[in-house]
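For reference, the structures are reproduced in the following blocks.
In what follows, chain A forms one complex with chain B and a second complex with chain C.
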Partner chain A sequence: MQLPFDPLLVAILAPLAAALALLAPLPDRAAKVVAGLGFLLPALLGLHTWWHFPADLGGADYAFRSLYDTGLRGSFGIALHLGLNGISMPMFMMAGVVGLAAGLYAIQSKAERPRLYLALLLIMQGGLMGVFASIDIFFFYFFHEFALIATFILVGVWGGRDRGYAAMKMTIYLTLGAMLSLLGLIAIYVKSGAETFDLIALREEIAVHGLSGTVQNYAFGLLMFGLGILVSLFPFHTWAPLGYHAAPSSVSMLHAGVLKKFGLYGFVQIALPLLPAGAAAWAPALAWLALGNVVIIGLVAIAQRDLKQMIGYGSVMHVGYGFLGVACVNALGAGGVVLFMVAHGLSVSLLFLLATSVHHRTGTFDMDDMGGLAQKAPVLAAFFLTAILASIGLPGPGLLNFWGELTIFMAIYAHAQWMVVPALLGVVISAIYGLRAMGKVFYGQPSAAFLKHQEKNAVADLRWSERIPALVLLVTLVGFGVWPRAITEPLNKTLAEVYPQVEAVSPTPAAPAVASLPE
Partner chain B sequence: MFAPQLALTLLLTPLVSAVLIGAFFRRQPAIAKALSLTAATAIAVLAGQLIFATEDFTAAAEWLTIGPLTVKLGFLLDPLSKLLLAVVALVGLLVHVFSLGYMAHEQNQARFFGCLSLFMFSMTGLTLADDLIMLFIFWELVGLSSFLLINFYFERPSAVAASKKAFIVNRLGDFGFLLGIILAYWAFGSITLADIAARIGTEPSVVATSIALLIFCGAVGKSGQLPLHVWLPDAMEGPTPVSALIHAATMVAAGIFLLCRVSVLMTPGALDVILWVGIATALFAGFTALGQRDLKRILAYSTISQLGFMVAAFALGSLVALKSGADASLAGITGGVAAAMFHLTTHAFFKALLFLGSGSILHGTHHEGDIYRLGGLMKKMPVTFITFTIGTLALIGCPFLAGFYSKDAILILAYQHSQPAFYCLVLGAFLTAFYMTRLWTTTFLGKPRSEGADHAHESGPLILVPLIVLSIGSILGGFAWFYPEALRVVPDAALALLHGASDAEKAAASTAMIAGTAAFIIGAVLGALLYRPGSARDFLQTRLPVVYQLFEKRLYIDAAYDWYVAKVQQRFALLLNYIDLIGLSGIVVRGIVAGGTGLAGLAARAMHTGSLHNYVYWFLAGAVLLWAIATGVL
Partner chain C sequence: MTIEQLQAAAASNTWATIQPEISLGVLALLLLVLEIVFPKKKHALIPTIAIVGQLGLLVGLLLNFLPTYLGETTFNGLLRHSESGQYLRAFFLGSSVLVSLLGVVALARQRMPKIEFFHITMVVTAAMMLLAQANNFLLLFVALETVTVGFYILVSYTRTNPLSLEAGLKYLVSGALSSGLLLFGIVLLYGVAGNPALLGSSSNPMGYEAVRIFLAANEGNFLASVGIVLVLAGVAFKIGAVPFQIWIPDVYQGAPTPVTAFLAVASKTAGFAVLLPLVYVFSPYTTLVTTTLAIMAGATILFGNLAALTQHNVKRLLGLSGVSHAGYLLLGVIAALTVPSAVGAIWFYLFAYLLASFAVFGVMVHVAGANDADQDLDHYADFAKKRPYLAGVLAIGLGSLAGIPPLAGFMGKLLVFIAAFKAELYWLLGIAIVGVVISIYYYFGWIKAAYFAQWRPPLPSGEPEPAAPAPTRVSLPWGIALGVLAAGSVIFGLYQGPVGAWILSR
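Right after this comes the complex of A and B.
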């Protein structure tokens, strides 16, 4: 189906236009409708690009391509070049879906100054769509900053406990991370000699001339620490649980679910293909730090009493798998990272959404002051259990998470055999903290504090205004889990074309040859 | 209908039932029951179709391809999966019927039956899986169903703790299982059982032994072998029909099925380990059962012990086959596979019968589960008494009942392979007879010792009919002619061991039979003499309190785990949390940020004094400036 407009540009501009419209004096109901449309359109367009993703597209090509000169093309080689390949399409689609869920949840929330709140969320959403739609790496970076600034303001103004400190800490860390990444990107830009930020042109240029080992080493180093800080690589993760805890739920959903994926996506789409030798040199260090995420932060998550903090640490723990996939420096690992990012984005935002729904009913995030909530809110309990099981990669609700993790485990074993053992420990650790939370919040008898809270507040089950965004996430997660080929077919093609240089440096080991079987 | 579609329909029917109940009929228990029962009946009918009217087949469709890794969704129907499918379909249907009566007065029946359907889906998927990944997926799903049903009474803290324990302990086993799958993939280039069987080398290697032992880890978790058995007795917190179906007849036996499925991977080194884990489990659980007072807990330890027998049977038979150089292939049923699967089948009959019987007792006595508070139920619950007695006799190896033959096959294999294993297993058989006699005399004979037992009444037909059907299986399940032609491969192979081919084997068979019968007689008689009917106190407790306490406390293994979780793991986690809060965020990273990175450090320090808005303004100003320079405005 041919749309009469550019779906990618509209997906970026629609939320921004809606944000602008919200500043006009509309009646409340109309404002909600406008905001809803601003979130709905990117989601629909995301699904559209997935459904109509051309099956005959070459692996190195981009679908839905368009180029807009912003006046920077002549002097800096910067242009708004939009398009999707097999790596970015799943991310673009996921960003739209998570945005829709976060938006719907925000519309029904009782935030103060709701219009400004929604407007900033819409700005964030516009930036997110732009990150994954950009072929030009300047704009890839620009849209990320764009969304990040909205995030800082949202946390600083609408945040919960410790919002000032959390917003400041997030700002410092993320600015530092973004600066280092920018330096890395600029290094690629300068040293490639391509005089353009266009990823396709850069790739072609580097394929011919290549980058020297030294350049690759320091550029990848900059990106590793820069993107690493953005994705909460151990030990630069401490901003994350704090920030997510302070952030309003829709912001946590968008940030932990989507915006944070900027870093991992940057590795898979840009850093690994352009700097394979640098990646191979840094891989051992990256793998060690990633194991820190999985094992150490996993154990820290077990120690949490605060539900939202625990989910934050759990999310930090799981991105360790993403880094491990990157550290394999081959197509198998990178493919696993893409599957993992989609799954993690959907499941972690579902958890943040439901944690806030729990908070509405208990008045606290302290798990010791909850208990027995399943008796009052069985539907919420069922949703929450599903989300927990998905996030710990249990095949079933978390089939997509399982595929991502399985692929990464397979890649890790081929990369460094022993490393799969500590990586797999995460499977047990996540089950421990996930089920412990489930028991403390929902099962057993209500704690004294919760009983006291119930005297004054009636506890109702999950309302439809909360169920619908949760279902949007859940249905997408389970759907792609059951039918992963919908993502992996274009992904495989792109990896086959984009990763030859990577494979030349660090090949995916071939499994033993398939002997012909007796019929 | 084509066979793969038939299998797929069979698989998806209970899933549809579970999803419908979960989504629409949470508040309509009548509809939920009807749906769930319909699904169970459909499984039985379709399974019949698959077993009796379908040739063995394997079929697979591509599920996920990423780089060189391909995962397929496939079915494998062969004598092994046919037998387990028959057990699952039959016991599943009976437990559904039983539950209609047993759960009639409970709250949340819709949830119960929804979870039961989910379990049937997971278990049939496990049975029909043709590769390791698919086995693993359904393996996790049966674990999930088990979790949901153990904490069916989730307002009880004990049920919550038990379900959590079950899930986490199983995940510990699955850690090894998944590692084994990854190793197997890189060793054989495939995770399909048929491919692995075709590619396995004849020479056992360290890798092969590791793969076998790692996959065995999964079985250790699910089938309650030492040291991961601790979750199974606690799992009795779930409703009794669940204990019968999941925690006695089918799911816990999945570990045995898994071993048989991957029997081609086995090496002598791995089998030796598996053998002694099985024997140690059989003996440990037998002793521990003597120190328990709860009806269902005693049966749970008995289940663990019998699973130990099955594991040992598998290892013994495979070792004998390896020694004799028999051709090991996916299609071939070795003595080990046959003996283990045969005992699995008979055990499914009599252990499901015993659990459902204890369910009938709990139902009739208003949930009085302490055997020393029961007593005198023989007259008050005659049908339950007779069927329970049949189940007991079958379990303890009374000649001509089902358990006698399947246990005999195991003892013969042990006698052929190793004397120590043989003596240990005979001791295990003796213990079985001993603790079951204790249970039986205390529960049914003498006088009622509590109000619940005094007012006991016989259960209704929905409860009694499944008991009677299972009794028939427990009586006749040891004879090959009891099984339809399509299912006879395994019983035939197991019973062939009893007859023996050579003179030496014949001698071994008769010795083992004499020893097994002696263990049964001595155990039962000694049990009847020492545990006098009507006594309110335990013989062992009065005479040997130290020993009794050791058994009662389950050799302190559970306590050791509790200590580890509370004192080691939790404290270590808290310590790391403290370091994370103070050390990393406070000193190390801030130090790096402030000192190490030049420009970034400066910016960060500037931020300490400024406010959030400053940053925003600076960024916007910078962006505008950049734009202005680039486009030539400035």
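Right after this comes the complex of A and C.
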């Protein structure tokens, strides 16, 4: 189906236009409708691009391509070049879906000054759609930073405990990561000799002329730490649990679910294909740090009493898998990372959403002060259990997570067998903290504090206004879990085309001598 | 006199080339005359006349943007007219309009003679416009002194405020020192370049071109090297680069807010307008110039950002953060020696800086109370709830200064950084990035003060609440001006378009 407009541009501009409209003095009801449309349109367009993704598209090609000159095309090679390939299409769709859920959840929330709140969220959403729709890596970066000021204000004004500190810490970390990656991108821009930020042109230029080993090494190093900080790579992760805990739930959903995937996506789409030798050189270090995410942060997550903090640490732990997939430096690992990102984005935002719903019913995030909530809110308990199982990666609700992690594990196994052991340990760890949280919050006898809370507040089950956003996430998650080919087919094609030169250098062992154990 | 002679005289009349400066000077004088002629009741009209007049000149300049004499030198080589110069003329006129607008708001709260403020602002602007086209050390010095002397008066304008007087004195002392350094450097260059015993010497050793030819012919001349460093030092005072930044915090705090804005934007830009041609003149001594400026740039970025971290007075904060901006721009100046695109990047950076700075200063004058020097971060408590419009403009301005997409300040930084990367200034880029990250703390700290609910310690009983000055109502012209500045920051960040492309192609 041919739309009469450019779906990608509209998906970016619709939330921004809605944000602008919210500044006008509208009645509250109209404002909510406008905001809802601003969130709905990107989601629909995301699904549209997925459904109508051309099956006959060449691997290196982009669908839905369009080019807009913002004035610097001739002089600096910067232009708003939009398009989707097999790697970015699933992400774009996921961003739309998570945005819709976060938006619906925000609309029903009783935030003060709701119009400004929704406007800032819509600005975030516009940036998110732009990140994955951009072929031009300048705009890829640009859209990631797009919502930084909005996020800062959202966390600081509508956040929970420690919000001022958390907002500041988060912003400083994110800027550090962004500046390092910016230098890395500038290095690619200047040293490739292409003098353009257009990914297609860069790819062609580098395929012909190549990049010297030194340049690849430092450019990848800059990107690894820059993007790593943005994705909370161990030991630069401390901002994430703190920030996600303090942020209002919709911001946590958008940030942990989608915006944070920017870094991993940057690895898969840009850093690995353009800098294969640099990636191979840095891969061992990256693998070790990623194991730090999985094992150390996993243990930290187990130790949490605070539900939201636990989910935050859990999300930091899980991105370790993403880094492990990247550290394999091959198409299999990269494909696993994309599947994992889609699954994790959906499941972690579901968890954040439900955690806030739990908070509304118990008045606390402290799991020791809860218990027995399942008697009062069975539907919430069912949703929560599903989300937990999904984030552990159990086939069932978490089928998509399972596919992602399985692919990554296979890539790791082919790469360095021993590393599968600590990686699998991560699955056990997430089962421990997830199920333990389930037990503490929903089962058993209500704690004294929760009983006291119930005296004053009636505890109701999940309302429909909360169920709908949760269902949006869950249906998408399960749907693609059952039918992963819907996204893996274009993904395979793109990876096969983009990654052959990566394959050539990947036999470098990712880890010390143990990797070459006799089989 | 025959008609041919008259025609020849008219054709060789170069005064027309500086028509904008002359008109500005005439307009400035007219204001003083009007003050005498007009009855007291009508004096309120004079600032309006000043602003409208300057706007008219600006429009005239933009309409006649590419005059016939472009690319030529006039007045026996004193002036050289270039597109960069035209851009800077418009830039200075634009900032002068905004400073006058700020002046209207700020002076309303002071019992001070008002008309002189606009008069001096315009004279200083005219001098800056000449400065941007200087092609001769003599004219450079004269124009620069006109600017500096004008600022001596402007800085200590609120003479009832001791801080303003102190600022004026500090500016006078350090300004005199820097003028001395500059003059000494010029004299040394004049001396060696005019020495007939040396190769490439000139009979007119004040001209830029003559000095450049001389320097190219005599590499490693000691006296010339000292002269170059001294001239650079004199200019470094203008842009507030380390180690000539000492005057900045006190002067920025003491000076009336419009003057602070004038110093921060126009005076700094004037420094760069002087520095860029000079760097080209000194380009035969690349190593010396690069080393001097690189050390300055690194120290400036670090000092500016670190010193701004602890500031609570927003005027000092802006002053010190402006120091760091001078550092980033110096990066571009060094890059300009080898990468031509750096010049356009600097102009774009300054344009973004103008939009953002005036947005922030515009908010500041509306927040400031009767004591202009006392503008604290605490005065911004609950600002977003009480004044959402001003707070929005403030957030955009500060975000642009911090260099956050999608605002224009980010594009400026990015383009300067690209140029610096091409010039292989890797260490300085590393420092610059550290600086940007540090700057987040104070720029966003300000946004935090304006937006986030702050906990305030309970007061001892009986003590009155320390009242923050009540913000002035935003008049319609200022509402429009602030909206244009904020929208400009957003639009030039998203879509540079032909205007951005034009600025960048300088």
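Throughout what follows, the second predicted complex is superposed on the first by the 506 of 519 C-alpha atoms of A that agree within 3 Å, B and C clash if a C-alpha of one lies under 4 Å from a C-alpha of the other, contacts with A are read in each partner's own complex, and residues count from 1 in each chain.
One rule holds for everything that comes next: a contact is a pair of C-beta atoms (placed from the backbone, for glycine too) under 8 Å apart; a residue touches a chain by one contact, two chains touch by 3 or more.
Only a predicted model underlies this, so the values are computations on that prediction, with no experimental measurement involved.
For chain A, the partner that touches more of its residues is B, with chain B and chain C as the two candidates.
Once the two complexes are laid over each other on the shared chain, residue contacts for A:A55 go to neither chain B nor chain C. When the shared chain is aligned, chain B comes close enough to touch A:L332, but chain C does not. In the superposed model, A:Y189 makes contact with chain C only, not with chain B.
Once the two complexes are overlaid on the shared chain, A:G439 sits against chain B while remaining clear of chain C.
In the superposition on chain A, contact of A:I153 is made with both chain B and chain C. In the overlay built on the shared chain, the residue A:A458 is in contact with neither chain B nor chain C. After overlaying the two complexes on the shared chain, residue contacts for A:V208 are found with neither chain B nor chain C. Overlaid on A, the two complexes show chain B and chain C touching the same residues of chain A, namely 71-72, 75-76, 145, 149, 152-153, 156, 167-168, 171-172, 175-176, 179-180. Of all residues in chain C, only 341, 344, 384, 388, 395, 399, 404-406, 410, 414-415, 417-418, 421-422, 429, 433, 436-437, 440-441, 444-445, 447-448, 451-453, 494-501, 504-505 touch chain A in the complex they form.
Those residues of chain A whose C-beta lies close enough to touch chain B in the complex are 71-72, 75-76, 78, 145, 149, 152-153, 156, 167-168, 171-173, 175-176, 179-180, 235-236, 238, 242, 296-297, 299-300, 302-304, 330-332, 335-336, 339, 372, 374-375, 378, 382, 389, 394-396, 399, 402-403, 406-407, 409-410, 413-414, 420-421, 424-425, 427-428, 431-432, 435-436, 438-439, 442-445, 484-485, 488-489, 491-492, 495, 508-515, 517-518. Residues of chain B touching chain A in their complex: 22, 26, 62-69, 71, 111, 133, 136-137, 140-141, 144, 151, 154-157, 159-161, 164, 167-168, 171-172, 174-175, 178-179, 182-183, 185-190, 194-195, 198-199, 569-570, 572-574, 576-577, 580, 584-585, 588-589, 593, 597, 599-600, 603-604, 607-608, 612, 615-616, 619, 627, 630-632. Residue ranges of chain A in contact with chain C, taken from their complex: 70-72, 74-76, 116, 138, 141-143, 145-146, 148-149, 152-153, 156-157, 163-164, 167-168, 171-172, 175-176, 179-180, 182-183, 186-187, 189-190.
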